[in-house]
Amino acid sequence: MPTQLLFGAEVFLNGLMAGVLYALVALGFVLIYKASGIFNYAQGVMALFAALTLVGIMDGQVPFSHLINAMLGTDVHHFGWHVNALISIILTMGVMIVLAYCVQQFVFRHLVGQEPIILFMATIGLAYFMEGFGDLMWGSDIKKLDVGLPQGGSFWIEENSQWLGFGNEEFYGFFLDQLDIVATGIAAILVIVLVLFSQYTKQGRAMRAVADDHQAALSVGISLNFIWVMVWSVAGFVALVAGIMWGAKSGVQFSLSLIALKALPVLMLGGFTSIPGAIVGGLIIGVGEKMFEFIVGPMVGGATENWFAYVLALLFLVFRPQGLFGEKIIERV
Amino acid sequence: MFYREAGDFKTSYVDDNQTFPIKFDRYRYYFVLFFAFLIVPVVINDYWVNAVFMPFLIYSIAAIGLNILVGYCGQVSLGTGGFMAVGAYACYKLMTSFPEVSIFFHVLLAGGVTALVGVAFGLPSLRIKGFYLAVATLAAQFFLVWLFNKVPWFYNHSASGQISAPERTVFGIAVTGPHTSAWATYLFCLVFVTICALLARNLTRGMQGRKWMAIRDMDIAAEIIGVDPLKSKLSAFAVSSFFIGVSGALFFSVYLGAVEVGEAFGINKSFLILFMVIIGGLGSIFGSFAGAAFLVLLPVLLKNVLVGMLGWPTDLAAHLEFMIVGAMIIIFLIAEPHGLAQLWRVAKEKLRLWPFPH
Amino acid sequence: MQMLDAGPTDETLLEVSNIEVIYNHVILVLKGVSLKVPKGGITALLGGNGAGKTTTLKAISNLLHSERGEVTKGNISYRGNRVQDLSPAELVDRGVIQVMEGRHCFEHLTVEENLMTGAYTRKDGKGAVDADLDMVYQYFPRLKERRRSQAGYTSGGEQQMVAIGRAIMSRPETILLDEPSMGLAPQLVEEIFNIVKNLNEQEGTTFLLAEQNTNVALRFAHYGYILESGRVVMDGPAAELRENPDVKEFYLGMSDEGRKSFRDVRSYRRRKRWLS
Amino acid sequence: TFSSLSYRTGPYAANGIPFADGYADYFTLLNERDGGIGGEKINLVECETGYNTEKGVECYESTKGSGALVYQPLSTGITYQLIPKATADGIPVHSMGYGRTSAKNGKVFSNIFNYPANYWDGASVAIKHLLDINGGDISGKKIALVYHNSAYGKEPIRTLEELSKKHGYDLSLLPVDHPGQEQKSQWLQIRRERPDYVIMWGWGVMNQVAIQEAVNIRFPMENFIGIWWSGSENDVKPAGEAADGYKALTFHNVGSDYPLYEDIQDYVVDAGLAAGAGDQIGTVLYNRGLYAAMLAAEAAKTAQKIHGTSAITPAMMRDGMENLEMTEGKMTALGLPNFGPSFKVSCENHGGDGFGAVTQWDAKAGEWKMITDYMQSDQDVLAPLVAADSEAYAKENNITPGCN
Amino acid sequence: MSNEEGYVTADGRKIGGTLMEMKNITLRFGGVKAITDISFDIKEGEIRAIIGPNGAGKSSMLNVISGFYVPQEGEVWFKGAKRPPMKPYQVAQQGIARTFQNIALFEGMSVLDNVMTGRLNHMNAGMFQQAIWKGKAEREEVENREVVEKVIDFLEIQSIRKTPVARLPYGLKKRVELARALAAEPMLLLLDEPMAGMNVEEKEDMSRFILDVNDEFGTTIALIEHDMGVVMDLSDRVVVMDYGKKIGDGTPDEVRNNQDVIDAYLGVAHD
């Protein structure tokens, strides 16, 4: 039985790690929700777009090469250079800022003061658009993303935890993915910075004000344009980070946009407006779904993770309708 | 003054409560019915039925259903795909277990079963609101899909987990299975659409509808003036799920004929129908039709134009299609956040004032 | 009733000329409204429900956009420059701030954070902002008590104080006040107007206020405009308006015999329409 | 007219593109080089489905009108869709290596063809390969099946269970939900249970993640076998060098070292007529598309021969498919020596003879290598399964099995 | 029904026995004491005003009456019986209707529909009947529409019957809200600042409506208002609150001359 326990512990640890990866995606949602009350469904597609752009820049791909070739009958695809990862990341960030600006300029500027569901809808429209646009720009084949992050299980941890098995043959140390460990570190830094920003700066306060009441925010001179471009840029950065982490796992391709679905239960559990909530929610969901799959999964035929994450979040919500750390829903007459 | 309501006086409250209080509207409505029931079936072919009319009609029912929940009662749901799956699987089980009963009743019963499931998943709505609820309904979506995929009883233990509709007839005419004719399936769906639209209209114009809308607009105030939130929300879930179940049943049995749950009733379906409802107009039956028509027709149209007429490669066309659909959604929302239905109303108001600008 | 010493100057700060506002592309609400707000003055905008006061103020501060309203005709200028096309934020930057009707507090922010958002556009340092915060707390001691609670949980009157305090925090040149007295206890109404007067006299802040409480408004204002169904039907110095018999009867509730009891108003009187 | 229901967008675009390119290029070649098939120019209508059933229906209906001879939906979902429809319309469907396995029984599924091999063949060939490398005995070995939790992924289960009875191995099942981005649980379980072999039935992103995870837990790649839909360049490349040694099944050869490819270069690529971006030539899925097109063209030729007319109808095409015979000689003549197995279609057997082979990924060279010969699946086990399943279908749909 | 005797007002109206009695109500929100140990009664047929400075707890008191806030201590007696814990909608079913300080109309509905919602406790056709729209459902709809039309006439909002309420100016919204409450034909009507944001003339109209309702239907009214003129003229008795405590209770004249009240609220003696 102790081996079972050790296995359980291993699943638990990996659940934590998976949770961090979910949280990375959820963070982007939280930022935008916090600053505008917009539930940004396009966050997943943004991660995809960021990753595509990053790979495109690194490999020196010609953007829109399909389109150019189809229209002009040419045959271009690569510039033939390779760009250093760090420079590419910076350039990609520039693209994400431009994107944020366009999103604000062409979409949300015109939707100030609308109901949340309308804004939500607009983000879905945006997701569609970017999906088509990203594919058109960079092509829809699978791309390998390698910015030099370590991959694979960590030998060090594996070897140094072997003694826990006390000679048990079946246990050969904990498995922890190096990529996940890196992700955890990055997520921790991101969260701390973002919390400090939103709680203690003027822009952070303005951001929260905007989320509460667009009109009133306008009336006190907060520039929605500025705030929104800012948060969409930051969310773009978070999307880029998430895109790098997930892209390293699975290659960069369309399905990357579906990671949004893994982030939703996290969001719901942690609260839409709480940055630390995203992390804590991620951890709970990660551990919860992995443990459930580990313990109950075999009895019901497995593949429970997708729905169990949601059910788990739902259970929490019944007790705290605004999520663990979300702002209390103010009910007054 | 093309469009006039002045001079069209009502002398009783019954008249004033009509679905189409203005004569002109009423005539147009009769005309549409006449056209849909008597003209279309005669001229229709396979392509039009399978690529345009059937999805349009079936999605209209689902959109009406979802509109009751989201547009009238204000409970955002992303579980539509799951509920359609309930309708489809219920219909399949009924069809195969009671082959002697008419498919017509199977479809209705499938709606009933879905209503029950809908109520069960609607329970959290008493505590959970807004987007939290929306995400919570995804639990239903994923759980139901998993369930139908996992438990072989639902797909009669077939090897791959696909379900396919056996042939069933109404008045001796096949409406499901491979040997159907275009007009028959069309009419079969049209009958359901008409019934559903009428029921929905009646429910929403009376006290039930007002209760739902009260909950939507301000749930606390509604409760204080006497609306029982439990009953109202659950009834909205029930009615909405009924419609969605019916549409799921038709979607499976009449339209596709064979489905696999994860593919046909995945989360994309939930979004698609929510799109229809919002593009069409929240809280409007007409809007549900308009939204469904828009989102069924637009891709078909775009594809035919881009690939068929301009001869673009299909992949470029498909990417552009995504971009255009996305852009259209945004443009529509900016032009009129309350949907096509509102666009229509504003147009009418303008017409009424025409030729004077205000 | 004392007359104010610091009067308005001759310089016109804000000028609205002949604007027309349409909501939703079809509903015509303002049908040619013109008014002038002199620098350093308190100008009152009076009128019944639905006259278009709020709409006028929103048109000035460019907040109509998000309500699907638009200015279709006419011109609004501030210090001689056309300001219609500016964003609300830019307008605040130029010194015009609006206190919206119906409070509009940031529910989830605390009372103090709400006040601090008012200082969003300020660049004169933390010290000055803190001093102003103290000043606001002096004006509204009640807010100081509730400074840590979320604005969403404060009472209606408290929220009104927050909204006004927030505007003061931005140290504007001009404040557009929409129904500041609504929902406030009588002595607070008086107090608010005293604050207005104070700011006006000491800081030279210009005010344009929409009010239903004609009585008080005319007591404190220098000049008044009366709006009826989207048109200006009467304007003049406040003192003159106060003496106008129509205004007296319809807006001050006074007849020749002095104030009537509400109980005695036996039959509904219909307002005399000046124009429409 | 041939129709190609392709998907160059959506979650499986990366797999759909090379297939569609190969399918299209072959027909372009025939048009350019031979002036079509039997003198008839080929009109290829491509229709984008995005792997979506409803769009598939729309595509079917719209191309049906233009007289499409055969459908190659490349999606199990759409195939299930088309089985009754196409049968009623008298149009043949070729679901090559996917779709409904029991469609092999042409007595029940008159218009559906799934030669040269189907999923159950695949499962059996995989086991056969394991028997081969284990000297014929795999009893007591642990085999895990990692599968896409959908109709497609569940296909091999029944076969593998039957075979485990016969060969005495332990089978454990690990479903992965769509889309399959997160497979930690499954691979931790594999790490715990240490199966000797892992078989995978994946598609799309699931493949890449699975291979990456296998690399992460240092599962020996040569003990990891994917079905033919889990064996393209796309699947292994993201994992880089470490994926070296990964195996996958196939029912046609890999690489571009065939005379035909020279013609493609000359007549298609250099003429600027290549489909898509033209950068997929020689990839596994491109070859598969090309192979499918070749089989369709051969069936069309057969049909022309049987009916003595060059302008064939879908019904004639069906006959052509039912009488198709692929021999090594024929393929060599086409410029594709040793490209696919020999097989013969008949009314009783729409599924070919179930030959498959194993390929292995050579990461350094960046190419797949065929490491076995074609071997036949275990027909003793499979035949009864096919019969049972097709009979059930026949009963449910009131079909009297038989050959016309 | 009543346990105490009524009285006769100055202008000769007869007031009945106690309709509602609040006994030692205390309400806290975390650290904030919104109401501290307040007791008062409302007698049948009277107009009872509640006044006090901002944040005194007046609205909270109405919320306690309508069951939206549950006080930590104290009892609510209605029609001579102690009221068990109840959901707000059950309270409404007992015949208590109200308006809200921050208008709580259903913005997405027309004026007519808003007022019709006031009738919901008088309609009970089942959902199936409504779906079919024949028989009982239709009959009920028409009967109640008649009642509503009377209220609409009464409040002179005929011309905006079909307008969506979101488009109405503030003052009209207040009137529609009153219409909705009246349509319920309540026994007890709670009004939270019904005249905020109105000018004198409109206040006069509103006063008229309130008096008429009280007169014609004998509806008991509890009213919160900051306009002392209105309060003093309309109400029969006034409760004064400050910081959650009761500091005065009596006829307008008594209250007006109560020094505590003057200090805390009125500032100067009002005429």
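Going in written order, the chains are labelled A, B, C, D and E, and every chain counts its residues from 1.
Just so it is clear, a contact is a pair of C-beta atoms (placed from the backbone, for glycine too) under 8 Å apart; a residue touches a chain by one contact, two chains touch by 3 or more.
By chain, with names taken from UniProt: A, B = Branched-chain amino acid ABC transporter permease; E = ATP-binding cassette domain-containing protein.
Note that the structure is predicted; figures quoted are calculated from it, not measured.
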Required steps from chain D to chain E (each step between touching chains, minimum) = 2
Chains in contact with chain A and with chain B: which ones?
-> C, D, E
What's the chain with its C-alpha centre farthest out from chain A?
-> E
Looking only at C-beta pairs in contact, point me to the busier pair out of A-C and C-E.
-> C-E
Centre-to-centre distance between chain E and chain B (centres being mean Cα positions), rounded to whole Å | 42
Centre distance in Å when chain B and chain C are each reduced to the mean of their C-alpha atoms | 47
What whole-number Å value describes the gap between the mean CA coordinates of chain B and chain D?
-> 37
How many angstrom lie between the CA centroids of chain A and chain E, rounded to a whole number?
-> 50
For chain B, residue numbers touching 2 or more other chains are 146, 149, 220-221, 224, 313, 315, 318-319, 322
Where does chain C touch two or more other chains at once, residue-wise?
-> 153
Would you give the residues of chain A that are in contact with at least 2 other chains, written as numbers and ranges?
-> 66, 114, 132, 135, 140, 301, 303, 306, 332-333
Throw together a list of every chain pair that touches.
-> A-B, A-C, A-D, A-E, B-C, B-D, B-E, C-E
For the complex, which residues does chain B have touching chain D?
-> 46-47, 50-51, 55, 96, 146, 149, 158-162, 164, 166-167, 177-179, 255-260, 262-264, 266, 299-300, 303, 307, 313-315, 317-319, 322
Residues on chain A engaged by chain E in the complex (per definition of touch) = 333
Given the complex with chain B, which residues does chain A contribute to the contact?
-> 39, 66-67, 70, 106-107, 110-111, 114-118, 120-122, 124-133, 135-136, 140, 261, 264-265, 267-268, 272, 300-301, 303-304, 306-307, 310-311, 313-314, 317-318, 321-323, 326, 329, 331-333
Interfacial residue positions of chain A with respect to chain C in the complex | 112-114, 202, 205-206, 208-209, 211-226, 273, 327-328, 330, 332
Partner chain D, residues of chain A touching it in the complex | 7, 10-11, 14-15, 17-18, 65-66, 69, 73, 75, 77, 132, 135, 139-142, 144-146, 151-153, 170, 175, 177, 246, 249-251, 253-256, 258-259, 262, 289-290, 293-294, 297, 301-303, 305-306
